[in-house]
Amino acid sequence: MENQAASHALQIAVRGLVKRYHYHPVLNQLTLDIEHGAFCILVGSNGAGKTTLLRILASLSRADEGRIWIGGMLLGTSPLLRKRIGYISHHTMFYQDLTAIENLRHYARLYALQDIDEKIQAGIQSTGLTRAQHQPVRTFSRGMQQRLSIARALLHDPDILLFDEPYTGLDQEAAQSLDQKLNALHQAGRTILLAAHRPQRLISIASHVAWLNDGKIIQHIPTSRLADIPDLYHYLQEAA
Amino acid sequence: MSKKPTLLLLFDVLSLILIPAALILILFFTPVERVMGPVQKVFYFHVSAAWAGMLGFIFAGVAGAGYLITRRQTWDWLSLSAIEVGLVFGLIAILSGMIWAQPIWNTWWVWDPRLTTTAIMELIYLAYFILRSGLDTPEARARLGAVYAIVSVGTVPLTFFSIRLFRTIHPVVITTGGEGGAFNMSPRMLLAFFISLAVFTLLLADLVWHRYRLAELQTQNKQEA
Amino acid sequence: MKPLIRYLNTIWQITRKDIQVEWRGRQGVPVMLVFALLVVFLFNFALQLSPELQAGLASGLLWVSLAFASTLGLNRSVSLERENNAMDGLLLAPVDRSAIFFGKSISNFAFTCLVAIILLPVFSLFYQQNMLSLPLIGIILLGVAAYTSLGTLLAALSIQTRTRDVLLPVLLYPLALPILIAAVESSRGVLSGQAFADLQSWVYLLVACVVLFNAAGLMFFETILEE
Amino acid sequence: MPANTLNDMILGFAVILGVLLIYVLTLVIRTRRARVQRERNQQNPD
């Protein structure tokens, strides 16, 4: 029960998480605490389980063992919990035949939002897709689709953001704009967990780094203390 | 793999003794049916095999539910084993039914709805193995296999009801009337019938158990490899 | 918003999105329709149907062509959600996942019914009997509802395999047998002018199928979709 | 007078027992193969 008491103060609390593929644990007794308003970068090599962890937190995938509290509520108890989560993955989740506006409207309706049109316009403008908004997503480049995904994930103003490699496909300009957006979200008190293969550019704006290796979080420290952990420091240097 | 349990050994020995015993009982101590002649004696094993197959499929559905509730792979092994053995018994029921139909109805295959749906049941459970072979992880095989086993067993009553409604030339065995190939069973016939049922049920349990141990062994091999 | 209203709203949003995609791309219903007509023609020649036989076989042909055509729609419906992992977007919605099943099931139902509506006058023309009767339409609605709910469930299963959409017919047709028997028999009865009392068992069987397969979707859809 | 269907009866039981026997054989073979594999795994565990 002390677990539960502790978890109320945290935004994300993960205890003893296990997920197996082919009987082999990808996540092995993983434990992770993320405080309110933290901006945590999840680092680790390919296949370390970053995507699996984020998918389980977004309740897209089911854990074999362990418990997860989101904002003090046990994950899996209520579908309403998903309202608090914004999620971006490698896949854009868009319907190719629908326009950008129609796709966003569909997602806004699934979240049963109010003032849908204003929110969609705000999202479209902030990602610079105004000119293409009435074109089918099929005609979008990978980078444009990725920008639209970011707008989609933020549409319902979630307070927990789970971003899986959000820089994929973005050009320099769009990447910088994403940096600014992440910074603004962090300043506004949102909790961010972002998986990045090459996290270098984010270290200056993030508050924490969590290192996922062998199915466990082996280091989880504030970015200010990075220099104290030579292993992690070297790892980040090499990854860059 | 764990050592062979004594109970399983007992099942093996009992099956080996009881199958010949039931066969002797059927061949020499049951009366010859007065219209159909000796071929009617196939009926005891035919119905028993159909019964065992059905029991296996029902059990597979229950084990599937067990898997979805507990998520322990032992339930998946049970479900898989019961379906495989159930398929074998279903095949026996169909083949022996055809052999019985040949002299009585003068044709190997009749589109009798009950025969047809037994064949359909075989197809349903063959598809179970195709489904499993198309899935990549053992976890997905167990989870989707369990759902499919439960849904399949749920449709069985509907299939049977639809057959009842269809006019059937298949004999309705347990009746007192004598319409369309049905016959009345004497006490000795009944005794042989129920003993056959019991023997085949035991054989089902025995084979499922062996198949289960094979699944366990194969999984351990894969885990180590 | 009340939970039930939110649930129903989600179902409607998913159905509406499917209809919108179909309207934009028109990649489902026209293909289904042409395929259904092809099945009718092929069977007619393959079975060398004489005019007397044709009348009796009309209901069987109607259901076979509908069942085949519907399979195409079911595959298309699920592969649509696979592209770009759009299904994840639905799974993220803050509502019980069985709503996704009902949403997809209803759009599949609507598309197959649309095909049936166009097929009925064509059948009436080909087989010289009026098939636009209310009882027959009622039976079609029931039969298609049962078939597409089972089909949606199994399509979600088969799409996760390596063989993908090839597997769906193998899973669906044997399990759909009671639906097809009941639908064909009751349609035949209606077309030959039998009283409802003679057909009610078949109709009740169809109702039972609708209830059972929707209950299965309600119970298992989330389990099927989770990884 | 019962029909003379003795041969059909013999065929029937032969098929029933034959299918059972074949299945049992496949079980035995598969189990034996798995055991050999297991022993091989245990001899060089890597």
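Each chain gets a letter, A, B, C and D, in the order it is written, and its residues are counted from 1.
Simple rule for what comes next: contacts are C-beta pairs under 8 Å (C-beta built on N, C-alpha and C of every residue); 3 or more make two chains touch, one makes a residue touch a chain.
Just so it is clear, the structure is predicted and the values come from calculations on it, not from any experiment.
Engineer: Which chain has its C-alpha centroid at the greatest distance from the C-alpha centroid of chain B?
Structural biologist: It is A.
Engineer: Nearest chain to the global Cα centroid?
Structural biologist: C
Engineer: Using mean CA coordinates as chain centres, what's the chain C-chain D distance in Å?
Structural biologist: 42
Engineer: Where the CA atoms of chain B average out and where those of chain D average out, how many Å apart are those spots?
Structural biologist: One centre to the other, that is 16 Å.
Engineer: What is the distance, in whole Å, between the centres of chain B and chain C, each centre taken as the mean of its C-alpha atoms?
Structural biologist: Comparing mean C-alpha positions, chain C is 32 Å from chain B.
Engineer: Where in chain A do residues touch two or more of the other chains?
Structural biologist: Correct list: empty.
Engineer: Can you list every residue of chain C that touches 2 or more other chains, as numbers and ranges?
Structural biologist: 226-227
Engineer: Residues of chain D that contact two or more other chains, please.
Structural biologist: Within chain D, no residue touches at least two other chains.
Engineer: What are all the touching pairs of chains?
Structural biologist: Every touching chain pair, ordered by label, is A-B, A-C, B-C, B-D.
Engineer: Taking the complex as given, what residues does chain C use to touch chain A?
Structural biologist: 1, 6, 9-10, 13-14, 17, 20-21, 24-25, 80, 83-86, 88-97, 226-227
Engineer: For the complex, give me every residue of chain D touching chain B.
Structural biologist: 2-6, 8-9, 11-13, 15-17, 19-20, 23-24, 27, 30-31, 34-35, 37-38, 41-42, 45
Engineer: Applying the document's contact rule, which stretches of chain A touch chain B when the two form their complex?
Structural biologist: Answer in residue numbers: 20-23, 64.
Engineer: Quick check on the complex: what are the chain B residues that touch chain A?
Structural biologist: Residue positions touching the partner: 71, 137-139, 219, 222-223.
Engineer: Given the complex with chain C, which residues does chain B contribute to the contact?
Structural biologist: 68, 117, 120-121, 123-124, 127, 130-131, 134-136, 140, 143-144, 147-148, 150-152, 154-155, 158-159, 161-162, 165-166
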